[in-house]
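A, B, C, D and E label the chains in the order they appear, each numbered from 1.
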Amino acid sequence: MTAVPVATKPVGVGWDPRRYFGGFWRHPFARAVLKAVLTVWVTTTLTFFLIRLMPGNPVELKIDELIQTANGALTYDDAKAIASGLFAIDLNAPLHEQYLSFIGSLLRLDLGRSFLSSGTTVTSIILAVLPWTLFSVGTGLLLSFVAGIFLGLLAAYRRNSLLDRIASTGGSLVSSIPNYNLALLIILFAGVQWHLINFTSMRGAYTSGLEPGFTPAFIADIFYHAALPITIYFLTPLGHWILSMRSATLSALEEDYVTAARARGLSDGRIRTAYVGRNAVLPLVTQLAISVGFIVGGAAVIEQLFAYQGVGKRLLDSVTQRDYPVIQGVVLLTTISVVVANLAADLLYSKLDPRIGRAGGAAG
Amino acid sequence: APTTGGPTGGGGGGAKGGEFHGGWPYVLAPQGHWNFFATNAILGGGIYTDLFIPSLAVYRWVDAKWDFWLAQSAQQNGDTYEVKLRSGIKWDDGTPFTSKDVATTYWVGRLASYGIWNFIDKITTPDDQTVQFHYSKPTSLGERLILRNGIKPDKIFGALGKKAQDFYTGGGTNSSDAGKALVAEMNAFRPDKPYSVGPYKVDPASVTAAQLTMVRNTGGLFADKVNYDKVVVYQGETAEITPLVLNGDVDYATHGFPLATDKAFQDKGYKIVRGPIFTGPALYFHWENAPEFQDKRLRQAVAMAFNRDEAGKIFYGSSARAPQYMVGFADSLVKNWTTDQSKFNSYAFDAAKADQLMKDAGYAKGSDGIYAKGGKALAYELYFPSDFQDWAAAATYTADALTKFGIKVTARGAIRSTQLPDTNAGKFTIAMNPWGTGNPHPQPSLVRPFREFSKDAPGGGMKYPLTQTYSGGSINFDTVLDDAITGFDTAKQKDPIQKIAQAFNELLPCIPIYERLNNNPINDKARTAGWPGLDDKIYQQGGGDNFAIVMIMDGTLHKI
Amino acid sequence: MSTAILARPTLGQRVAGPMVATFEFLRLLATRPIGLAGFVGIVFFIFLAFVAPLFVPLRNDPSLVDIYQAPSAAHPLGTDFQGRDVLNQIVYGGRDILTVAILAALVSTFIAISIGSVAATVGGRLDTAILAITDVTLTLPKLILLIAVAAILRPTSFVFLAVILGLLQWSSLLRQVRSQVLSLKERDYVEAARSLDLGLFHIVFREILPTMRSYIVIHFILAMTEAMYAQVFIIFLGLVPVSGSNWGIMLYFAQGQGALFYKDSIWYILSPILAVSLVQLSLVSFAGALEDIFNPRLRGA
Amino acid sequence: MCLVGESGCGKTTTGRLLAGLIRPTSGRLLYEGKDVWQTKGADLARFRRAVQLVHQDPYASLNPTRTVFQTLSAPLYRHKKARGGRQALAAVSELLERVDLTPPDNFVSKYPHQLSGGQRQRVSIARALTVDPKVIVADEAVSMVDVSIRISLLNLLLALGREFGVTIVLITHDLAVARYFARHGRIGVMYLGRVVELAETESLVSDPAHPYSAALIAAIPEADPEITRGKKRVELRSAEIPSLLDLPPGCTFHPRCPLSEAGLCDVKIPELLAIPGHREVACHVAVRERTAEPAAATA
Amino acid sequence: MPVLSVRGLSIDYLTRRGAVHAVRDVSFELEKSETLAIIGESGSGKTTLAVGLIRLSPRGTRVATGEILYTKDGMTSDIRKLDDDDLREYRWAECAMVFQAALNSFNPVITIWEQFLDTARAHGIKDKHRVRERSAELLDLVHLDARRVLPAFPHELSGGMKQRVLIALALMLEPQMLILDEPTTALDILTQRSIIDLLRQLRQRLGFSMIFISHDLSIAAELADRMITMYAGRVVERARVEDMFYRPRHPYSLGLLRAVPRVSGALGSVASIPGSPPDLIRLPKGCSYAPRCPYAIDACREAEPPLLKVDTPEHEAACIRWQHVAEVIGSKAPLPVAEKLA
């Protein structure tokens, strides 16, 4: 929906990184990788220091929680003793030392252990939840991308028809409702008021007692359980895809090469796919990657509302519990998955658009 | 205190079979695990652990006596507390249950800072059925500390227990480096599967984010007494459990349900149990940041200036009530633990009296608020934990009501993980923090205002000076709190408790707003039957000695 | 040559110009029913949030006998868990939300425009550095970061909150502004202004930015929707200290108090949902129409 | 003076260089004997004002958000040529009349999109005139306006040059336009960023010395069927234009040049040298053939 | 029998402001192997007409009246009445077109080879080998190296190369007719020259008919057999190329000729046409050129003049004052040819 950005002149402006990175830098993919690494580093560092800026520390919270749950079985001192025993890290060491040791272990792919469950590595915690988020977000997003592309193309071809109006108006309508509101509305109406769906049976990622595996029953089951989050991830960006695709198609339709293709007597189907569709989709590919970041973030509240065991819910829980290593780990790993999605999109983009791969520059 | 009594109650009246569905917010693997000494164990800290790692006994609150579970009997012999264990009980892997399991539980428990170790110095096991706890500091709190810990298997924790025993008998302490290492080892220990000595055991394959299932453990405690074949526990906090209860999926839930939900449950025809919890929110004034409240008259005025009863009812309806005796512990404990209740002021809602008190204290009431002599208007912020929905409701209510009274109070909420460190650090003028706790002894409740949120808090909390003067003269709360738990003779403890109670009532170090009752819905139409009438004393169980668990264990509850 | 003509270009630009432009704008808007509806919606909500509270008395006294009432004449949207009028809260609950959204949009737009145009005009290493930073922030998973940041920094005042939100969302606009300015500064008329020695101020504020006006307005509106989304998001999750009453807090409480599941409380929970969604909807459709109006290429037949 | 050459050969760049809008990579730009890029602040600004550019694209050279009056009055105010609206309006009207936009009242409050291409170009010229320039560089100023009105624009420029003593440098790729415009002046021919020949118009047209000029003149179609069909062609050795990023060594034209001599043209870069007949040319062969003592000339 | 015969064609663009009468009542014939040049100012409707001939007008275009008759092997059909399949067959196989923006005529994301293949397949040629051979042959014809060009993406070719590839592509199906809309405008002179020469050679070898659109008179002078001058959507003069250049009978043609300076020969007097073309939505009454015409009389503003036969049967001009124009040329205004003859 953003106006078409005017291409920048990539040539000859100021500092020329080529001088420093030689041929490596010139390769757009290498640049994207470098950028990705930089992004991950920045996010990690940012959260690391922000977390240490927090007043208080998790020990106090643990004490509070212990006292609350022990129902008087613990004196304050006992609780304090227990809590202090839980936390291996020394929060009083100088920041830069903490940071260096953190980065050090990070390089060894060690994200540390959960504060609140010191026998559990953060990596294992995240690995247990991340796949579910990626699965639901990925499915929803891809479905909505495909549907949006299709509807957008159709709307553009039938410009000003009823279908166009319904698709573009309806699309922007659904898209402008915040996803958490949409989820609440689904629970409220489809679940509670009209009893259309039995959403209580859809909680969790799969049915309790079912053996995980690549069996049709299990796969059907995980789709059933992910249906509500997927619906949200499907609906929220749908309008954006429809509108973007519609306007991209409209401008592609005005391109000379489309008229030229018509003049060459090409069939409508071929023109629609290889000439209009493909060129119109190109700019959306990058947006697809960016939206991964957005949706993974938005997943927090959706997973919370639908009781889906994803990384977003884990993050929220860790925030409430001040489980720093887990917060840190979740932010890091989601950043990585988002960045990887971006990289993949860059790669895909350069595959789809021959102008990028060889000319360089426009990537990113 | 009474230390006798065998298992009471129904004892398997109903038919066997069927399922019991409960709800609890457990933590999922891999963060959740099966080391019940460490935090975040699956179902850890919850009522359902009693079904697979039961404690030695459970307390009957109204009768003030112990119902024995894994213990056969228990006895105080001088400074030694001796527990005889039941025989013939087996762990789920077939190992017999013995005194070793109990000893290991407490030795490893010492690494986990089990409170009993503040009072005992060793545990001995003269034979397989006997465990002896040797007091170094006799206290009446000890019995509960011994009897209400879930017993874990020696087979799994024995090695750790041995290490701990050697370490402590060798003079080691938790604060030493070696102690810390041992504690860390204990915390990091991860048994690969659940275990059980109770009537049920968790089926590890059934654990999902949505629910888990417990199946019968044939050799376990009360295996023949319990009726249900399965106990299903749905995972979730209030928001997630509510629809399940409404949907009829859950037979019994312990969550604190808001009024709307409470009403919806009633509409569905569920029974609502309103048992005691012995706790609730209170207003804490920072001694230095809100110096006006150093004058007890102002605190008394505030206590009367708004309808504390209503503040609770907003969220809980009839599941909350303002305490009658404002003494810092639950009303139900007052009769047993104090000698004279006549002088306890209830501070019932009375704006006129409050006005008068303010006037006496030298404040003038203008049209838009109350002013000190210097002309300064009284304005504060009430800092509450926004993720405690019930408190949030009470906080906004209180702020509005006090503002209306003339003390301008703005409610500001932050999630507990933010609010608590802030209040501990003294960053507030008025804060909302808990009062009371679920212990049949009042002392742990009284610890909260004086130690937890003041003296012991990092940053000093509300900075309340512990030496104060009241009608009975000068009092040092810290020492009197110690006096209140010394020795086994609870009758002797009544004096210090009466003293603190009276001082609390006059000085109001914090203002308890309401005492919460739980509002547990019981669905007796779907699967479960056997629930006694709502006026039964069993529902008065407190402090984690959950009545539903007690009734499952003793076979009172059964399928329809 | 009459003085009337004299007045035309100078005064005309200041008075008649905007009036004519406004008229023309409304005329174009009128041909787009959805955009018009969005515009009306925005005007309505701004009125509701900033003007209506001056006339409608605040009624926030809890009243236990009145809780969870269905809509009635006395309470057109029913009552909440404290028996307070929901409509009244909707009226009073928009100001903070909209203020934060506007402020955050201002912050992000300001950052994007100032830094973006500086980067483009100055160029060189500064530009490379700014671009690199922007690229990196563009890929950050912002909501995830927002959850962490909000929990950690605890924005206590709404200005602080707005700044945080603004700081998280400038990057894509900055990139667009930068490339716009880069291309605009190569435009012949900017070059002409340079060679006429009209000064940097003139070039940036008279030649470049005015041509980007529509663009900036649209992005400002979109930034508002983004900020509003994120703001309600973290309030709803309880990550921001709550104080007073706004739609986000209403939603937070409504959900927490179980209004979702009680038959008579639909309107209570629905009201903030609808308020937030309608504002978003209005903003988005208005921005869409603006884009249509300002971009003649899309204007079409 | 006219500069001609193929598209992309650097004409615009030269124009912008002349107007002091870009800094040369090497070499000097002299104005009144001083190196422009050595001067600072006010002097540089003065130079910039003295050389004004009229751009190629009438649709991009005026700010679409500003009226004709605003466009023209801004430099007047800025350089204190007018104080107050009344003065500015008078000055603007005069400028408009000067570029034949009459009556000026019809134009002052118009926005660019309300003007035709030719009218815009006139406004551009008027804008250049606001600062009393000494030189106007008209970069393809007529290429994008309709054939039917090109000549009147050229005439306007010529008249301005005559009346106000402004030197006008016209940049164009159309040799016919160049010839018309510079019939009493000189034409410079550019190829790949270099001036390869500089000569008086008529002699260049009738007798080009550089092989590239010759090829160009021979290649141009004429608006006359008989002439154009009967023209002699210069056969080039290649139709490909080398990339500016990867220029051929020696004379940049040698890969295409029919006169190219191996060992000379592909090695040595020819300098622009004066040869008899008031012209300068950058070609080893042409210089050799047209100069009596080639050795002396190259020395 | 002409290959193409256009009769009374009118094309409007429907816009919010009203109908733009971009092409009005245009008639002409194109003979076999002949080159017809259409010239006129920007906006005079040339592209509209050309695109209309293969029915590719954009949305919002209305072909108001007229017929486009196309003859092949003695069969005549009206293009306007063709069904979709026939139309697709007609496009490119019978009538290929090189667009004004030829440089953007290739899909940027697929290779040149694929675009050749697409074209062939669209017309039923399935055999890849044959297509490859044919493309190599054609590229050779336009002096390009097929091995280099075919696997390339459009952006890897220079403007002149693209233009030549497009011409090769246009010849792929051996159409009878080639429409070129300003094929050389964006090219530099030497490239332009090579394209012109190429077209001339190809036409001689392959014998197709060609409609050549330009506002550049000199290219028309190079290539055309006959010429049409368009003004404000109408054909105002139609003549053999020599007649048009040396004996124009419409004041607009005359004006155009006079507006173009020359490189060789004497400079002569050169002059612009004052004024600008009319608004095609609200056309003035009478001759649309009258407001700019130096010879206009009151009668010109009364009614739109029809095309009148002048001098020779093959020469028509839409001017009631054509005799006056003839006089003017004869007496006062020396045209190039007059100079040359003198």
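The working rule: a contact is a pair of C-beta atoms (placed from the backbone, for glycine too) under 8 Å apart; a residue touches a chain by one contact, two chains touch by 3 or more.
For clarity, every value in this text was computed on a predicted model and none was experimentally measured.
Counting C-beta pairs in contact, does A-B beat D-E or the other way around?
A-B is joined by more C-beta pairs in contact.
Name the chain whose C-alpha centroid is most distant from the C-alpha centroid of subunit C.
E
Starting from the mean Cα coordinates of subunit C and subunit E, work out the distance between those two points in Å.
Measuring from centre to centre gives 52 Å for this pair.
Starting from the mean Cα coordinates of subunit D and subunit E, work out the distance between those two points in Å.
31
Just the number, please: Cα centre separation of subunit A and subunit E in whole Å.
54
Centroid from C-alpha atoms only, then distance subunit A to subunit C, rounded to Å. What do you get?
24
Scan subunit D for residues touching two or more other chains and write them down.
Not one residue in subunit D touches at least two other chains.
At least two other chains touched by the same residue of subunit C: list those residues.
Expected reply: 151, 239, 255, 260-261.
Can you list the residues of subunit B that touch 2 or more other chains?
Counting only residues that touch two or more other chains, subunit B contributes 243, 246, 387, 415, 417-418.
Over in the complex, which subunit A residues touch subunit B? Could you list them?
Listed in rising order, the residues of subunit A that touch subunit B are 54-57, 60-62, 64, 66-82, 85-86, 88, 113-114, 116-121, 124-125, 128, 187, 191-192, 198-200, 203-209, 211, 307-309, 319-322, 326.
Name, in rising order, each residue of subunit E that touches subunit A in their complex.
Its residues touching subunit A are 51, 54, 56, 58-59, 88-93, 96-97, 99, 101, 104-111, 114, 118-119, 122-123, 153, 155-156, 169.
Tell me, which parts of subunit D touch subunit E in their complex?
Interface residues on the subunit D side: 6-8, 116, 118, 146-153, 155, 173, 175-177, 179-180, 183, 205, 215-217, 219-229, 231, 233, 236, 239-241.
Quick one: which bits of subunit C touch subunit A in the complex? Just the residue numbers, please.
Where subunit C meets subunit A, its residues are 34, 123-128, 132, 135-149, 151-153, 172, 175-176, 178-180, 182-183, 186, 215, 218-219, 222, 225, 229, 232-233, 236-237, 239, 251, 255, 260-261, 266, 269-270, 273, 276-277, 280-281, 283-285, 287-288, 291, 295, 297-298, 300.
What part of subunit C is in contact with subunit D in the complex they form?
Listed in rising order, the residues of subunit C that touch subunit D are 1, 3, 5-10, 12-13, 187-189, 191-199, 202, 206-207, 210-211, 213.
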